[in-house]
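The letters A, B, C and D name the chains in turn, as written, and every chain counts its residues from 1.
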Amino acid sequence: MSLRQIRRKIRAWGRRQLYSFFSSLGTLLSHRLGTLMTILVLGIAMVLPLGLYVSVKNLRAIDLEREEWGTITVFLQLGAGEEKVKTFAGRIGQERNADVVTVSPEQGMEEFSAVSGFGQAIDMFEENPLPWVLQVTPRQVENEKFEETVADLGAWLEGQDGVDLVQVDYKWLKRLAGLLELGDAFVTVLTVMFSLAVVVVIANTIRLDVASRSDEISVLNMVGAGNSFIRQPFLYSGFWYGLLGAFLALLLLNLSMFYLQRPLTQLLDAYGNTFEVMGLGGRGSLLVLLAGGVLGFLGAWLSVRRYLRQFRLEDPPRRS
Amino acid sequence: MSLRQIRRKIRAWGRRQLYSFFSSLGTLLSHRLGTLMTILVLGIAMVLPLGLYVSVKNLRAIDLEREEWGTITVFLQLGAGEEKVKTFAGRIGQERNADVVTVSPEQGMEEFSAVSGFGQAIDMFEENPLPWVLQVTPRQVENEKFEETVADLGAWLEGQDGVDLVQVDYKWLKRLAGLLELGDAFVTVLTVMFSLAVVVVIANTIRLDVASRSDEISVLNMVGAGNSFIRQPFLYSGFWYGLLGAFLALLLLNLSMFYLQRPLTQLLDAYGNTFEVMGLGGRGSLLVLLAGGVLGFLGAWLSVRRYLRQFRLEDPPRRS
Amino acid sequence: MVTFEHVSKRYSGNVNALQDVSFHLDPGEMVFLTGHSGAGKSTLLRLILMLERATRGQIVVDKRNLGKTPSRLAPRIRQRIGMIFQDHKLLSDKTVFDNVSLPLMIAGMRYPDIRKRVRAALDKVGLLSKEKSWPLMLSGGEQQRVGVARAIVGMPPLLLADEPTGNLDPELSEDLFVLFRQLNAQGVTVLVASHDLALIRAMGQRVLVLSHGRLVDDIPACDVGRLRP
Amino acid sequence: MVTFEHVSKRYSGNVNALQDVSFHLDPGEMVFLTGHSGAGKSTLLRLILMLERATRGQIVVDKRNLGKTPSRLAPRIRQRIGMIFQDHKLLSDKTVFDNVSLPLMIAGMRYPDIRKRVRAALDKVGLLSKEKSWPLMLSGGEQQRVGVARAIVGMPPLLLADEPTGNLDPELSEDLFVLFRQLNAQGVTVLVASHDLALIRAMGQRVLVLSHGRLVDDIPACDVGRLRP
């Protein structure tokens, strides 16, 4: 083949691509309501895994304020001096990478009388009978290793001089572990289901699209269109469906987040800290759009390939 | 019209119905893969609201062990006699419909020394300085009214003779309220989304079905078929789609529940009580199947009606 | 049976398919309709079948004024007319038998009766052996004859045929026209649009000639010899 | 250009559409193909277009042995053949212009060239005024002529026509056959399946006669007078 011929072929190929591109757009636009409905279905199918993902992401972030679950209460021996206690607390903070809150015997007594509500009892003590107490919370631990870390730290603390008793609230830890396992199981079930849903919805849409245009395909086949020429507009359609579906999903996601922001903030205020709901972010959104387009393309490809087979002639038997 | 004519007409109508019924079944069976995919999409769309419903139902049931959140601690005045305390506790149980646990000063001191870990402190008291304590938990309260009920009960208790201090753990109550509000918001968002999804999926499926058979419709129209004759097979198809989709949804739901049973049980064990995961039950399942069929029928009706319009001639202008 | 009075039909895009057409068909008459391609023959037949509404004028079919008939009654009118379409209009996902039985299914007839009638109709067009075939497995002429069978299976009092011999060889074309004459002899009113002037001349029946939407000639049976291409 | 050697085609359901058919068309020849309805004419044309494979025998088109050509090369063969289908095969959701331009789009031609060629082809069949219409808005004959325009727009070296005059009036039929002869004079090999014996006789070209799948006659141009229904 001469260079000129090759160049001509490439140009012809480009023109065919352009034709397919515009033809697919034209089809989508000429069936406006149908396109809209398909995109709606796709958007809903896609918003669910996204919503799940964002929820888990936010839950993980909430978990991080784990004073709730993972605080270890350390009772020091009676009569420890303030200086020594502060040094010890500093050492824990540095060596074991943990937040330490010290509670002096006086603070303890105040709290005790406040909680128990019998202030008059205090007067009966000539000397404060309470020890120094340290509340120790590990910092920057990954959620998965959290239980382990707390148990470790507890054991270490027990071995230190001047420590009378170490109390780890395992009840809450067990709950957390159960909750996380449950969440993981949920994520597995739902992710499998939704991935299936997205693939099936796109493949089914393109399948019905192809079926409703089977006459067109058969005519194209008869007037000499190659498989790629026939396939192309459907692949573009699939791409558009996927892209627009992903776009709608992002829209729905952000709307939902907006709607959920108030009760979420309220809930988190009750937990005593303010919290910004995290979305997908710009890069995440771009990725979702891309994934939508690619998924649509793939779904269309699967459907069309299956369908085109019926126009295929058997090939002649190969001779060796 | 004579009776015989009427009877003949009714018979003809019945035969047409039979024809439509079998024709719709035949169409579904002849496109097996397509039918399967459609049902898969519908099943997935339907399993989501169902799963949500079942989850909420089970969560509500877990909430019922609300000692966790709603217990009121009542400190009685020092020196109250055991007899009087027990009578008071019985009165609360009866009049206010609440569970009451009495803690004697001795039990209180034991607990105190156990929790605080300084047993030696006990020896210092000549007389036990702790009062009688009652732990009061309301029984059989609906979740929505729970906060209110607890506040009420607290106020009532405060007004009673011999009561020194009433402590309601509002921090947990606020969390519970926040959680419930969040759950409600979620339910609203998801329910709206999924109802939309089910309707749109069915309408879209039937729409594409109708579009891919538009030739058939136009031919039927030309050879004298009335609108109802043309519409009938599609309505039956819609019904089948909906019914089978609902069936698949129930299947998926039960599978998921089976898969989630183990981690759920584990979690609930951590909460200290055994718990049977509740499904939809026989009547609920029947209702879901029925709803699926009806929804399918409706979706088909909407789609076909819209589509048939294009074969309608304008009517002649009415003269008055 | 069919009366047109000053009927015009204008399609969107300023196409005047029919202009001021008037004629009358008596019950039991057999008439041919001819004219160049695009003259308006199919349009005329579609108006009788109520697939379109006339833009102007009055059409009376079977004593019913179509202009005043609401569209919901159109199926009832179509059920009393057998129409052979120019492009066959068969359902490709139904067998030949099911295609032909459609009008009877629509009428809600009993299945044994349907069976008898459909097989009789297929026999008349020589396709009894193909009753279980699919339309796509038939030759062009065979498809056309299935369309004929579907049109006559309901024994309608009015039979319209749009170019029914376009895909038939001369022998079959003649057979078909003979079949039309037989039906006509049994009292069916027959209106056939056709290009086959030789055959029309041989049949010796009244001929309507359309040209550019106008009825330019109405040749009585005795005078059919003057029909020229 | 086209050679059949002992070709048989058997469809599923034990239909022997073609049996032991042998003939040869030289490049630049113009040949008619006739035979009763269901004789196998369309089947023969479909075999040349590689829409079906022969059950037995050998077909050579344009020096290519179709029996040994893998199906992925079929489009390339079809692009060099213009085919007029018995049932037009137009795309109803594309305008007349777009329908006719399909073969050129597939070839990836530049748009200005496409425009020029399509309008020339439409002009040849007398439908330039309908270029923006939709196929469903055309009369049967007009649709058929759009099919003709699509077949000739790519200037293929081989032109196949399956009953191209079924929906045309005598005048247009003759015009079309004259157009075929013009193309033939420019070097295009033409094979036309038709029932119109009168017109075939008038054209005075070689005629192949099929009957029940067998090639029963091959009448040379000089002897066409003996063609009888």
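Going forward, contacts are C-beta pairs under 8 Å (C-beta built on N, C-alpha and C of every residue); 3 or more make two chains touch, one makes a residue touch a chain.
Predicted, not measured: the structure shown is a model, and the values here were computed from it.
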item	value
Label of the chain whose CA centroid is most distant from the centroid of chain C	A
Gap in Å, rounded to a whole number, between the CA centres of chain D and chain B	66
Distance between chain centroids, defined by C-alpha means - chain B, chain C (Å)	61
Chain C and chain D: spacing of chain centres that average the CA atoms, whole Å	28
Mean-CA-position distance for chain B and chain A (Å)	24
Chain B, residues touching no fewer than two other chains	215
Topology of the chain contact graph, where touching chains are joined (line, ring, star, complete, other)	ring
Touch relationships between chains, expressed as pairs	A-B, A-D, B-C, C-D
Chain C-facing residues of chain D, complex	11, 13, 15, 34-38, 41-42, 86-88, 133, 137, 139-142, 145, 162-163, 166-173, 195, 197-198, 229
Sites on chain D touched by chain A in the complex	49-53, 67-72, 74-79, 81, 83, 85, 89-93, 102-103, 105-111, 150
Touching residues (chain side chain B, partner chain A) in the complex	34, 37-38, 40-41, 44-45, 47-48, 75, 78, 112, 116-118, 120-121, 124-125, 129-131, 164-165, 167, 171, 174-175, 177-179, 181-182, 184-186, 189, 193-194, 196-197, 200-201, 203-205, 207-209, 211-212, 214-215, 252, 256, 259-260, 263-264, 266-271
Of chain B, residues touching chain C in the complex	11-16, 19, 27, 30, 215-216, 218-227, 229, 312-316
